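Residue numbering begins at 1 within each chain, and the chains themselves are lettered A, B, C and D in the order written.
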Amino acid sequence: MTNSIQEFEEAEVFFVIGSNTTEQHPMIATRVIEAVRKKNAKLIVADPREIKLAKLATLHLKHRIGSDVALLNGLMHIILEEGWEAKDFIKARTENFEQLKGIVAKYTPEKVTKITGVDRDSLRKAAEIYAKAKRSMIVYAMGITQHIAGTDNVKSCANLAMLTGHVGHPSTGVNPLRGQNNVQGACDMGALPNVYSGYQPVTDPKAKEVFAKEWGVSDLNGKVGLTLTEMIDGAERGDIKALYIMGENPLVSNPDARHVARALRKLDLLVVQDIFFTETGRLAHVVLPAASFAEKMGTYTNTERRVQLSREAIPPLEGTLPDWKIICEVCSRAGYPMNYNSPIDILDEINRVTPSYAGITYGRLKHSWGLSWPCPNEDHPGTPFLHKDKFARGAGAFDAREYIPPAEPPDEEYPFTLITGRVGFQFHTGTMTRKASILEREAPNAVLEMNPRDARRLKLIDGGTVAVESRRGEVHLPVAVTSDIPETVVFSTFHYSEKNINELTVCAIDPVAKIPEFTCAVSIRRI
Amino acid sequence: MKRLKKDNVVSFLKEMNKKEKVFCPQSVDGRDLMFMPLEEGVYTGNIGKTTISAKTVLFPQTEEILSFTEKSISKTIDASKTLLFGIRPCEMKAIQFVDQFMTRDNFIDPHYQSRREKVTTIAIACHEPPSDTCFCVDAGGMPYLENGYDVQLFDAGDYYMALSGSEHGEEILANKYFEKGDEEDKERLEEIKNKALHSQKNSPGMQKAIEILRENKPDEAFWEGLADRCINCGGCVYVCPTCTCFNVYDLPSQGGHIRCRSWDACVHAGFTRETSGHNPRPTQGSRLARRHEHKLKFDIVNFKESGCVGCGRCSDTCPVGLGAIEIIQELNAL
Amino acid sequence: MKKEAETDLIFQPNLARIEGILPQIAEHRLFQLRFVDEDVVRAFSHAPGQFVEVTVLGVGEAPISISSPPTRPGIIEICVRKAGSVTNALFELQKGDLIALRGPFGRGFPLDLFRGQDLLLVAGGLGMAPLRSLLQAVLDDRASYGDLVLMYGARNPDDILFKYELLGLMNRTDIKYLLSVDVDEEGIWRQYIGVVTGLFERVELNPENTFCGLCGPPIMYRFVVQELLNRDIPTERIFVSLERMMQCGVGKCGHCAIGEYYCCTDGPVFKYSEISHIKEAI
Amino acid sequence: MSQTLVVCPFCGCGCNFYLHEKEGSAVGVTPSREHPVNQGSLCVKGWRAHEFINHPERLKSPMIRHGGIVRDATWDEALDLVSKNLINIKREYGCDALAFLSSAKVTNEENYLFMKMARAAFKTNNVDHCARL
């Protein structure tokens, strides 16, 4: 996120796109809800579904699945036509404006309405509300990124914010909501194929030198590694022989689960380190029992880049070890000794080699509610919002994109578009929340949400079971009939391994971010 | 009437802690106040208002109630002598309310009761409202207690004035840390009480809200409109000192299995959903209505008093303004 | 605080043995249970309409109404539909297996009040399970009651609970047994087809001395109660049994609360006059 | 009984709560009132975050699979097997035949160490996590 959660309270306009915030980030949604209620903030929700937040929205744009770029370009088209853009900001802080103008010019309201299904009036209203307010904030989540055009979507959000000058100030910005409690931290720490901690490229000789010195090795690999989806493909091809998985359950969370299972079975060595015996763990050659979050100390970085300390509340369950200890053991046994007495030692090392985390020390975290990076030294107060005076790269470069249709549009054989997501009661693949009595009671099984008109056409009643079939698999689910979802679109969740919706989803990935699309075409028949 | 010097509170509690487990409002790290065992936290003298009420001591978030082996079933009772120090009058009133509920119709909740019987209470009257959301006076209560306590303390600056409310309270006041007061203490007490009674600014209008509910004024649309912003967290129920709904579930355990119960919340759909899938309370609005009608309508039918003691915790914890105060205000606006 | 506890073991079940399992219609079975401890057997007495909390060891607990009458003590019969985790587990068990029971709980039908009066029993679907207890209690002491009518509406001819047992009532003169099915796809049904309220044309009810006992789905209550009110039956003479998601059975857990009542202790059998003002009751 | 301030294990909001411990088990939560994100509130998941921690299905022993059979193993046995196999595969097929999938649910320190393991101990940049899912 470019801005902090607290800044939501002062925003005048929220543009929420591709985020079912109430269910996925409840404590952020409440800021939006309260700003709308108490301070008359305006809320624009762009989502094909009637999500809970839409009930409170000033304007709900039900744009078609995957038409985000067209929608955003369309808004920018209107803004430019009306002269609502932030001329001074564009001049002082950005570059490549002509490129944006060139592309956006093509996205006339007529064209955009045709692609998105959103009428001209609503487009205009949305553009006006967003552009004209002093503090407008874009909020998005996986509904934006999980597309083959994910990067295009993200760029377009940034374009819109820069065009209107809604970035670099408090209570504005582009705010992607991170789905898991330490996605941000995992990225910051370099659990990515191309960067060390603090986004220092593995291809940069200087960075390599810093880490080689700190780690006492001379031969660090300078070639960018594989992303998760590429690892799975590599395993299936036989290029990847060993996969060591810590605390993830890709068999349920990855698209095209059968493909994942085939790939994992081909490995010579699959190590799964987790707190429960997950579906992925069942395929492993070695399963290592880890301690849970409550049984260890360490830091987590939330979606607003706030690095916080979590403490050991109970001793590790007998027979388990914290993940960091297990890693130390494996490395030491493999001839690379790792000796840390506690996570504090590791954080010290992170402070030394990660400029953005240099000032985020254990001593400071212990007595605070965390620090937001960048925090380059121990005297630095942290950075609640980014891009204050300039963007990371200097001037903010517009990078307008063209709309491309989804990877797998519905057709005669598979006439429905399946989208996947979460419900508020369950988390990710359910390994944790499904063990909680109330949460499992509230949402015990996957259902397929369907528009009443579709249900009537297929002669389905609420609760009746259907076979949902895609080009990759078939899953049987009960139908939940609801007008919250548009016609020809169906929705389900990926929390339930026994009804693994990801057996259906498609593994088409965004060429840059390598994020899979998940959305796919399905057919539905009554059984 | 006796006196307890504030400087002596910790020593007194430490001495009591040798005989019974002392719980009082403390913080782990100088931050949030919680009822916790004396040895676990830091007693700062700030009694304040704890995030969750003292009900956690009598009715824990999760507890084992039965254990099953192949051939036998036994009740798990986990109760020891406990001193609740620093309990606020509204919470004391809540405990009295819950006492009635837990023993009604001669069905006595054995787990609650076994703890309750072993609890001694030292209440601290509020000389000023511990928080902006306090509205006990509006809720028909008072910032001090007339009865139902063992000892009640009144803040008189650098000491507390102490009244006993039971035989056991008398015994406690015989402790060496309680000193004799002077002649003027009685007057001072009345002064404190009077000041306390008038220092509470928050008065959302509960009696009128009760009337409005009795007249069935709010319709479905009223509740559904409010419920549009409910995030279904259950927090209002969990922090409420008189909410006692629970969920029962069985878990495997060494050599058999155990039956546990844990706090449950009527704002959840699954709370009333039947096995068939039918739900008599199908909408978020109907559940929100239930939560508040229970306190302000049905409890009055059953117990002649509302189940809301005006502690304001639900308004503190609700992130979208659906606590008792806001609901009462909304009802008043009808 | 009250000390004279009826029992301080309200959550603690007693072991019971499955003495017999009688298959019923699809997904329904009648379980015959007997407490292991004979003292408990002797101490157990219930009213029709009351329920027991059934524990399948290692799985959990579910409330199930008693289908046997108080006039036949010793064996407790429960008619179970396979639906949730507990009932699913119960269906896995065999004769001779141990389960655990608590109860009886709740307020049943007031037999004392019914004595000497005409009775109309109306059952819908699985509602026949608790009503069978009342029916048998009355039949076992037939002379104590006035005219007796049983109306039973099932979805289709295959959905009639206790079908053969009830068939015996057809030939009796001391009970009028009227049966209806909603649909008859196979065209084999000789009796009434339609909703159960259609059967009312075939009976005369005396509003002065008739008590009515209803057990079935909420939708049935709505129509049957209306029918009874049309025939001037006073609301305090209409008894309905309310199904709710009960857990503890003793008015503590809160799941079955409606209005000011707890169905598990104040009900499940209510006078209609008691609940007519509660919007979520029926 | 004790109370410890922890970060919620679920979504990216980063709420803090006090986890209650009793006899070594997690038994409840209290939201932190002063925390700038959650301010005394929690969502439905946060309020139940104590329940999975001591769940009977938690893994309590390393396990090794031979063919279709999974058996419990000692830590030494499992760790040796992992490190030995990683080394052998690296030797036979090269560093980039290894891949490491980290977690968005573990700490920064653990993520850092995990990528250090991949890069320093096994000399591959094939390290990623589930951010994209």
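Of note:
In this text, a residue touches a chain if its C-beta (ideal position, glycine included) is under 8 Å from a C-beta of that chain, and two chains touch if they have at least 3 such contacts.
Bear in mind the structure is a predicted one, so any value in this text is a computation, not a measurement.
Two chain pairs, A-B and B-D, are compared here, and B-D has more C-beta pairs in contact (counted per touch definition above).
Per-chain CA centroids place chain A at a distance of 40 Å from chain B. Taking each chain's centre as the mean of its C-alpha atoms, chain C lies 51 Å from chain D. Measuring from the averaged C-alpha position of chain B to that of chain D gives a distance of 37 Å.
Contact of a single residue of chain B with at least two other chains is seen at positions 29, 231-234, 247, 249, 252, 262, 264, 268, 319. In chain A, the residues that touch at least two other chains are 26-27, 30, 424, 437-438, 442. In summary, the structure contains touching chain pairs A-B, A-D, B-C, B-D. Only residues 22, 26-27, 29-30, 33-34, 37-38, 52, 55-56, 367, 424, 437-438, 441-442, 463 of chain A touch chain B when the two sit together in their complex. Residues of chain B touching chain A in their complex: 29, 228-229, 231-234, 247, 249, 260, 262, 264-265, 268-270, 277, 319-321. On the side of chain C, the complex with chain B involves touching residues 1-2, 4-6, 8-15, 55, 57-61, 83-84, 87, 100, 218, 243-245, 247-248, 250-255, 257-260, 265, 280. Within the complex formed with chain B, the residues of chain D that make contact are 1-5, 18, 20, 27-34, 38-44, 46-47, 50-51, 55-56.
Contact residues on chain D toward chain A in their complex (touch as defined above): 2, 4-16, 19, 21, 24-26, 34-38, 41-45, 48-55, 57-65, 70, 73, 75, 78-87, 89, 92-93, 95-133.
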